[in-house]
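All chains are identified by letter, namely A, B and C, in their written order; residue positions are counted from 1 within each chain.
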Amino acid sequence: MSRWLAGRAYLRLAAGLFVVLLAVNIALNPVRFAPTSLGVTIGLASGLVLAAIASMPPILAGRGGIDISVGPLMGLVNVVVVRWLVEGLGIESPFLIVPLVLLLGLLSGALNGLLATVLRIQPIVATLGTSLFYAGITLTIVPSPAGTVPGWIKALAGPTSILPLAAVALLWLLIKRLPFYEQLLCVGSDDRAAYTAGIPVTLVRFLAYVLAGLIAAVGGLCLTGLIGSADPNIAGTYTLLAISAVALGGVSLAGGRGGLVAAVLGAADIFLLQTALTFFNVSTFVLQIVYGTVLTVAVVLNADRLRQLLRGRRHT
Amino acid sequence: MTDGQAILAAQGIRLAPGASPIDFAIRPGEIVGLAGLEGHGQDMFIQALCGLHRPEAGEIRLQGKDGHTVQVTEFAKAAAQGLAYLPRDRRTTGVLGGLSVFDNFAIAALPDHQRFGIVDRPRLREKLAHFTRELGMVYRSPHASIGTLSGGNQQKVLLARWLAREPRVMLMNDPTRGVDLGTRMKLYEVFRRLAADQGIPLVILSSEIEEILQLCHRVLVFREARLFAELDRDAMTMDRVIAAMFGQEAA
Amino acid sequence: MSAALARIPRPVAALLLALAIHLIGMALIRGFGTMFGIRAMLVLATLLAIAAIGQTLVIIIGGIDLSIPFVIGFANVTAAQLYGDGVPFAVVLPLVLAVAMAIGAFNGMVSASLAIHPLIVTLGTGTALQGAVQLWTAGFPTGAAPSYVTSFVSIGGSIGPIPVPWLIPAFLVLAAVVILALGRTVYGRRLYALGSNPRAARLALVDPVRTWTITFALSAGFAALTGVLLLGFSGAAYARVGEPYLFQTIAAVVIGGTTLIGGRGGYLGTIAGALCLIELTTVLVGLGLRPPLVQATLGVTIVALVAIYGREAHVRELI
């Protein structure tokens, strides 16, 4: 374990914060963090965790790669499932809804990938465009919160909340065994070298966006379980939260460095921070202040350059 | 030649822990070559000389513009005292891609060519025209993108960027790398003139021994982060330099 | 077609586009080309263009500023609250600008000296700032702008016989200053050098930390100015008044041809981009689209525009 961490020094801060925050939370609210209510607690966090994991691949792919549309896509999934599938078509079976949700995620990811890698529109602009598109569509489908969801979706925020997370973790472990993962990290740290070495840079980056879309869609389903209805206003905030989580996890937005654990730890930190603060019944404004400050301080403390400056080393 | 005349002097420089210290001094009009197999310390040494790399130990002194001696600790401060450094990799550390020939030329000289923050463009244009003739640069117009120039002409623009600051000493990191033969000969001529006519001492790191033999008055050969041999003009032969690079005592 | 388009200078292309949208609007929407409509669009585009000055500078240098909407909200609420509490406006304005610029300077300094992506830093400080403002006013800010600020930006305002508020000529002067500063000053040229190649710029004696600090301070300063002007425009303070400006400033900059990779573009393009955005929004609203659909259409349009003329180089061309 310690050897594994040694190779991932960037995780230390997020891991330390996680331990401290978890201890604080357990001390403050032993009931919520008791093993019996673990399902509900994970259900509260899973949307954010999945959004953070979804943000990971495009960032890993480097050269400004980022997917801003993660949150809006989750919102779109939410209203499509509730309004179109459940209410419109009367579909309630997970064996139809889950594949359709995944398909929506794949298509959306492919769209982002197409724009950002094949058409080579700067990723922030491309995914900003799709964000606006999804957010607009979402609000058009469901202008205000409405609808109900089948029991199994609700359960995703309760007893079975570990399922989607486990599925995504499994997917990630599988991907790590593929040459694709190595190629992704190569492209992220030096795309020119990767290209010269014969790695299909464009394809690898494209797949990173597809993966983001897929995982975000799963996150959208979890969020649907949590809200229990269609709400066009909730998911939008998840993009910035997800990117913050990834940054808190020590991932460099420059690409080439990061992983599942970083995203999960970062997201868990934000979640635990929120729950600890809400326990004190502080206003959302205080929450905002603390959260913005923690984010800033964390990235400062995590900066490689800070360590170099403290050690007095310089470089060109 | 006494030490007092040295424009740039290094004392007790250690490039790696445990490596033997290096003393070095360069005087007006001198051209000194740095050689060694890739990664054997010559690159660290030239960067240490201009304040871009902090050596394990030792100090570097520069005779500044006003005659005072200053310690070289930071590149920007050393440059303000008349030190110039032409970096190695033209594309990643030299050229400002997408910007014009004029912008690429003017950038380092801006502080001396401005009034209330506004760039003195007429004077800079004159200077660019001057160096265009001096160095035989070829380009369509000063507004042309630097990317439209040949590698050799780009290198000349980068050289002119530093000459415009009227340096007191120039350090060059493989200045003719990836440059065609004609331009290379032109650059040699320019280097010799800078040293002989203007008395600007030059430190030239080169990966081509032939170049060092042609240009330099003496050469420092690096091996495993230490100064392995110092050969002056009489002792400088292809065989000896190569032997030193591979760590063999001169025969 | 796209090759021919690519040869037109970006600011000109954006301006032509704004004109084309305007003509389409006149053809499709009754009353679109009225004097009042045009004045409204000019004022809105000007406010956006002022907010986007900073985003332009920051994007040229190779960064991005997500704190602009938060700083706008901060200035909007703080100015109203302080002025409402009886602090003279001559004190309020410099104070608000100074605090904003200090926050911006912090953003730039931290991002550049520690090599942290400015997206994260500006997001963090912006969020904290907004929380602080909301906490201070308990979510319900009071106060208003002095009447002369209101008439300065009023759509119905006029300068003698000329039917535009003072905002417009003042902005033209400001725009000229920004464009000249980018093209002719040491600061401006260093901005482009850093955006083009940070390592090379540093070796050519451009101090990155200093330049980033100044640039992000300016960005926050112009955002704060926008916040105060918006207070005059809308009459009442609102902490989230800046929210649309996050996406709109980036979009205006990008439509205007300044690319996010840094080192390219200019402010003239941003002005044209701001005009485009406001024209397009007005036409879409005029056509009877509901706000969410306007948003969706804008998203598609921006992507389409950038696909035509703002594409990045393929990795093989970077070798």
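Methods note: contacts are C-beta pairs under 8 Å (C-beta built on N, C-alpha and C of every residue); 3 or more make two chains touch, one makes a residue touch a chain.
Since this is a predicted model, take the numbers as computed values, not measurements.
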item	value
Taking each chain's C-alpha mean as its centre, the one farthest from chain A	B
Chain whose Cα mean lies nearest the overall Cα mean	C
Euclidean distance of C-alpha centroids - chain A vs chain C, Å	29
For chain B paired with chain C, centre-to-centre distance based on mean C-alpha positions, whole Å	43
Chain centre separation in whole Å, for chain B relative to chain A (CA means)	49
Numbers and ranges of chain A residues touching at least 2 other chains	316
Multi-partner residues of chain C (each touching 2 or more other chains)	199, 203
Two or more partner chains touched - positions in chain B	93
Residues on chain C engaged by chain B in the complex (per definition of touch)	184-187, 189-190, 192-193, 196-197, 199-201, 203-207, 263-264
Complex interface listing, chain A residues touching chain C	63-64, 66, 115, 119-122, 124-126, 128-140, 143, 191-192, 195-196, 201-202, 240, 243-244, 247, 252-254, 283-293, 295-296, 299-300, 303-306, 309, 316
Contact set on chain B toward chain C in their complex	75-76, 79, 85, 87, 92-99, 103, 106-108, 110-111, 114, 117-119, 121, 161
Chain A-facing residues of chain C, complex	64, 110, 113-117, 119-121, 123-132, 134-135, 139, 199, 203, 247, 250-251, 254, 259-261, 290-300, 302-303, 306-307, 310-316, 318-319
